[in-house]
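Same chain, two partners: chain A is paired with chain B first, then with chain C.
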Partner chain A sequence: MSDVPAGLETLQFLYPGDRPAGAFAPVLVGVVGSGNLEVMLEAATDRDDCAVRVETSARGFGPIWQAVMDDFHARHPLGGLRVSINDMGATPAVVSLRLDQAVAAIGPIAPDAGGRP
Partner chain B sequence: MNPRSWTSKADRRAERLARAAAALGTRLAGKRVDTDAIGDLLEAVLEPGDRVCLEGNNQKQADFLARALVALDPQKVHDLHMVQSVLALPEHLDVFENGIASRLDFSFSGPQGARLARLVSGGRLQIGAIHTYLELFARYFIDLTPQVALVAAHAADAEGNLYTGPNTEDTPVIVEATAFSGGIVIAQVNELVDGRTTTLPRIDIPADWVSFVVKAPKPNFIEPLFTRDPAQISEIQVLMAMMAIKGIYAEYGVQRLNHGIGFDTAAIELLLPTYAESLGLKGRIGKHWALNPHPALIPAIEAGWVESVHSFGSELGMEDYIRARSDVFFTGPDGSLRSNRAFCQAAGHYACDMFIGSTLQIDLDGNSSTATLGRIAGFGGAPNMGADARGRRHSSPAWLKAGREARAGRTGAAGTPRGQKLVVQMVETFREHMQPAFVDRLDAWTLQEQAGMDLPPIMIYGDDVTHILTEEGIANLLLCRSDAEREQAIRGVAGYTAVGLARDRRAVENLRDRGVIRRPQDLGIDPRQATRNLLAARSMRDLVRASGGLYQPPRRFRNW
Partner chain C sequence: MISYAECSARERLALLLDAGSFHEWLPPSERVTSPHLAQLGVPSAFDDGVAVGRALLDGRAVFVAAQEGEFMGGGVGEVHGAKLVGLLRRALRDRPAAVLLLAESGGVRLHEANAGLIAVSEVMRAVLDVRAAGVPVVVLIGGANGCFGGMGIVARCADRIVMSDVGRLAMSGPEVIEASHGVEEFDSRDRALVWRTTGGKHRWLIGDCDALVEDDVAAFRAAAIDLLAMPDCSAPPTLATLEAEHAMLDRRLHALPPQAADGDADAEGIDTLHAPPAAGDGGTDEAVRLWTALGIADAERVPELAVDAVRALRLP
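Coming up: the complex of A and B.
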C-alpha cells in the first residue's frame, strides 16, 4: 500500500533540460496549508532533465498543472533538477510564485525569462 | 358628483394618526409609544396594500420594528408592498412567508438571497424590480413613495427629534420621502432623552418629520461589514495591489476614488504608506474618498495620505478614531460621524474618478456579475460606483486621460471629447476552490431564465469597465478598438482558466506590445517582491496600534 493519503492525486512531468542547474543545497519554499503549497528543488546531477512530481489535494486539475509547469519550464529551462510539490489547493498564481521564489533561492544560475502563459 | 379632494394624503395621515391615538390611549404620550404597544400602533396605522419601508440598511437594521411587523395578524394587515434597500434579517422575508406583505422592490439581499429565490419560485412574493441604492432612493420620490416608514435611530428626545449616530445611512432619504408625502414615520430608538436633564448630541431628523417614537428593548443590530483582517491578505493580493498602484493609480493620478469591500482593495489601502510612498506617490494619489470608515485605511490616514472621507455608513469600532480625526471624516458638532448613503452614492458616482473592486465572474465582453445560481442577491451600490457618470461635466486629469484613451481615433459622437470614469475590476483568475473568475457565459443568464427577469443581473456592464486587473496583468479596455481585440485583452489576463488558455497568443503579444496588456515585468514589478512585509499592518492588532488605540475592533476580530 502506498503511504499517500486517500484523496491525493499524484502528477508527474518530465522536461528536457537546456541549462544544467548544477550542484546546490536543497531549497524549500512555502508551507503545506490550505490554499498554499510547498516546493522543494533538489540537484539531480545523475540526470540532465527536469523531473517534476506533484502531490495535490485538489483532484482533476491535471491540464492546468501541465500548463503551469510548461510555462515554468519555458521561464527556467533547467536540467539536472528534481521538483517536488506538496499542494493543498493553491491557485496557479501561487504555484508559479513559489516556483519562481524557489529558483531564485538556488542562486544566480537562472535569469528570469518572463512570459507566463 | 363631489368635487375632488386635493388633500387626500394629508387627510389619510390625519386618519391614521387618529386611529393610533384611539388605539393606544395612555400608551401614547406625545409621540412616544410604549414598547409593548408597538403591535397595536402598527395595526392602527397600516392599511392593506400600503407601501412600507422597513429600514433595512447595509449595516443598521430596524430589527425591533421588523419583529413587530412579522407578529401582526395577516387578517388585518396584508398585501403590503415593501420598498427597502436591503433584506438582511430573516424577518425581512418572514413578512412574505406569513402573508403580511406580497410585493417587493429592493436593492440588495446578500444574506437572504437564497431564501428570496425560493420564495419567488414558490409564488410567495412578487418582485417589482431590483435596483441600485441610488435608483431605489430616487423612486421613493417618484413612484415608490412609502406610506409608512419604520426606521431606526440611536436616540430621540421628548419632541421626537432623532439622533441617528454614526450609522445615519438611509434614514434621511427614507424619512424625507415619507414625511413630505402624507406618510407616517415610526422610529425605534435605543435611548430616550428628556431634552432637559439629558439632551441629544445633535439632531439628525427633526421632530416634525417623525410621527411616533418607540424605545426598543435592545439596541438595534449593526453589522461590521467593512472590517478586513490584514492577516488574511495573500501575497498574490499584495502583488495585484502593487500593480494597481503603479499601473493605474500613478498612471492616471487618481485623487478621488471609491474602493470595494474586499481583501484586494484592503491590500491597496495598506500599501499606500509603504509601497506607494516608496514610489514617491504621496500627495499625487488617493486624497479624497467615498468610502465607509475602513479600518484598513487607518495607516494611510495616520501617514497623512488622506484629506477627506465621506461615508455611506459607519463601521463598528471606528467611532472613537473617527471622532479624533474630524479633519478627515464628516462629523457633527457633537464630534460623531454623520454618514448618508444617498449622498455618498451620489458622491461616488459624480465626484470620484475611479471605482475599483472585485467580482465573482467576468465574461469575454467584460460584463461582470456576482449573481450565483439559486440566489437573488441584488445590486447594492456597486453599479452606481462602477459606471461612467454620463451626466458629469467637471473635469480632472484622471477623467480626461481615460476619456482621451477611449476616444482617440474615433469620429462623430463617439469621438466628441469628454472624460470617462475609471472602472477597474480586480480579480484573481481563480477564486477559492479553483472557481474561475473568467467564464464564457455568466451565471447571470441562467439566473435570468430561472427567475423570469427582464434582463440578466449584470453588476457592471462591460462597456463601463475600463481595466481588468489580475495577477497576470492589467488589460486596458479603453485602448481596445474592436470586440475581438477586447476579447483577446481579457483572455490575455485570464491566466490558466479555460478562457485564458484559449487565447490567441500572437494577438495577446501584439496587445502587450501596444501597452493594452501590461505584465508585472512591464510595470517594473518583480512578483517575488510581493510579500506581506509590504503591508502597513499585518494583523488587527497592528491596526489598533496604528490608530493609537482609538480603533476598537468588535470582539470577533480580536484574536489576542
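Coming up: the complex of A and C.
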C-alpha cells in the first residue's frame, strides 16, 4: 500500500539543469479544472537540477508524462527549478502549452545564466 | 473590452486592481491546500480556489478575495472558507477602505460536507462583523458559474453588489430547483428562464444589486470605484434597516397576482402558468409579470435590451 491516495497518482521527474533559471517570484498558470491543470514554477537556487512533481487524477499515464516532460526539458533545459503540477486530465498538448506559458511568465532568463533575469 | 466572465480569478485581480498592486496572503507557493480532496481522489489546487490579499483600487487600500470558478465550481471548502474569514477578520484590525469579494461559486463544496458548511457560515458572520465596523464589503458577480448557495447568501449579507448582465445570483441553483421540484417547476436547461430569474438584469430591476455593468473588467473596476466613492457605501445593518428590508421583501413577495404564483395546472387540467396572457399584467412569464407589477414599462422587452437601457428602467 503506497501513500498515494486512491484515485490520485503522484509522479516525479528529475532533470539535470543546463541553464540556471536564477531567482524569480513563484509563478502559477492554469487552473485545476476538467481537462486543465495548474503549473507552478519556483526558483530552487540551492540546487542545480529541475525537479518535477505531478499530482494527477488520470492514473496510468506515467510514460506519457515522461515524454511530455522530456520534451519540456529539451525546450527549456532549466536548472535550479521546481515544477509542481496539479492535473485534472489535461491532454499532453495542453500540458506542454501550460509549461511554456509558465516559463514565459517568469520573464526573460539571461542566456549566460545565474543572475537575475 | 475584456470579458470579466472569461477571465480567471487571477486575471481579474490583475486587471481590476491598480496594476501590480495586489499582494497575496497565503500564495500558492505556501501550498495551503484542502485536507479532504486527496482522500477522495480529487486533485487539490495550491490556493484552494481562492486568492486573498491587499491591493490598491484607484489609489485606495482595499482587501480583496477572488474565487476561481473553474476549480470545483468555486465551491467553498474548509481552507477556502478559512482564507475568506481570515481576510475579513484582518480587515477588522487594519480597516482598509473596503473589502472586495470577486465571487464566483456554486456555494458549499459538498466534498467537504460539514467543514464547508461551517466555513460558509463563518464567512457570513465575518462579513457582518466587518460591515458593523463600518468597513464596506462589496461583492462583484460576473463569473460564468454565477454566485449561488451559501455564497449567494454571503453576497446578500454584503453592503453592495455589482453585477454584469451575464452574472447570476441566487440561493438554489437551476439544477437544484429542478432536481427537488421537477422540470415543470423549473427547467434548468431553459437558459432564458435561468437568466430571467437569476441574472444581473433581474437583480438590478428588483433592487438586489447596486450596479449593473457590461461584461467588462474595466466596467467592474469603474463601478467598484464609484461605489467606494459614495458617502453611504458602508451601510452597517441596524434594526431599522433590517425591518425595512423585510418589509420590502414582503411587498415583493406579494407583488405578483395570486394566480401567477400558482403555476400548477388547475382542476380542469388547464395550465394557468402557460395560459393566454391577461391584458396589462405582463403576460404569462413570472419574471415579466413581477417586473410589470413593480412598475417596469415594457417589461417583456427586458431580456433583449442592452445593459444601458435596462439600467435606465429601474425606478428610484
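Operating definition for what follows: the second predicted complex is superposed on the first by the 104 of 117 C-alpha atoms of A that agree within 3 Å, B and C clash if a C-alpha of one lies under 4 Å from a C-alpha of the other, contacts with A are read in each partner's own complex, and residues count from 1 in each chain.
As a convention for this text, a contact is a pair of C-beta atoms (placed from the backbone, for glycine too) under 8 Å apart; a residue touches a chain by one contact, two chains touch by 3 or more.
Because the structure is a prediction, the values reported are computed rather than measured.
J.: Classify the contacts of A:P26 with the two partner chains as first (chain B alone), second (chain C alone), both, or neither.
T.: Touch status of A:P26: second partner only.
J.: Is A:N86 contacted by the first partner chain B, the second partner chain C, both or neither?
T.: A:N86: touches chain C, not chain B.
J.: Once chain A of both complexes is superposed, is A:L97 in touch with chain B (first), chain C (second), both, or neither?
T.: The first partner, chain B, only.
J.: Given the touch rule stated above, what does A:A67 touch, chain B (first), chain C (second), both, or neither?
T.: first
J.: Once chain A of both complexes is superposed, is A:G35 in touch with chain B (first), chain C (second), both, or neither?
T.: After superposing on A, A:G35 lies in contact with chain B but is clear of chain C.
J.: Find the residues of chain A that appear in the contact set with chain B and again in the contact set with chain C.
T.: none
J.: Per the contact definition, I'd like the list of chain C residues that touch chain A in the complex.
T.: Interface residues on the chain C side: 8, 10, 27-29, 38-47, 68, 70-71.
J.: Which stretch or stretches of chain B touch chain A in the complex?
T.: Listed in rising order, the residues are 234-236, 239, 428-430, 432-434, 471-472, 495-496, 500-501, 503, 519, 521, 526-528, 530.
J.: Which bits of chain A are touching chain B when the two form their complex?
T.: Residue positions touching the partner: 35, 58, 61, 64, 67-68, 89, 91-94, 96-97, 100-101, 104, 112, 114, 116-117.
J.: Any idea which chain A residues touch chain C in the complex?
T.: Checking each residue of chain A against chain C gives 5-8, 26, 28, 31-33, 36, 38, 40, 42, 55-57, 84, 86-88.
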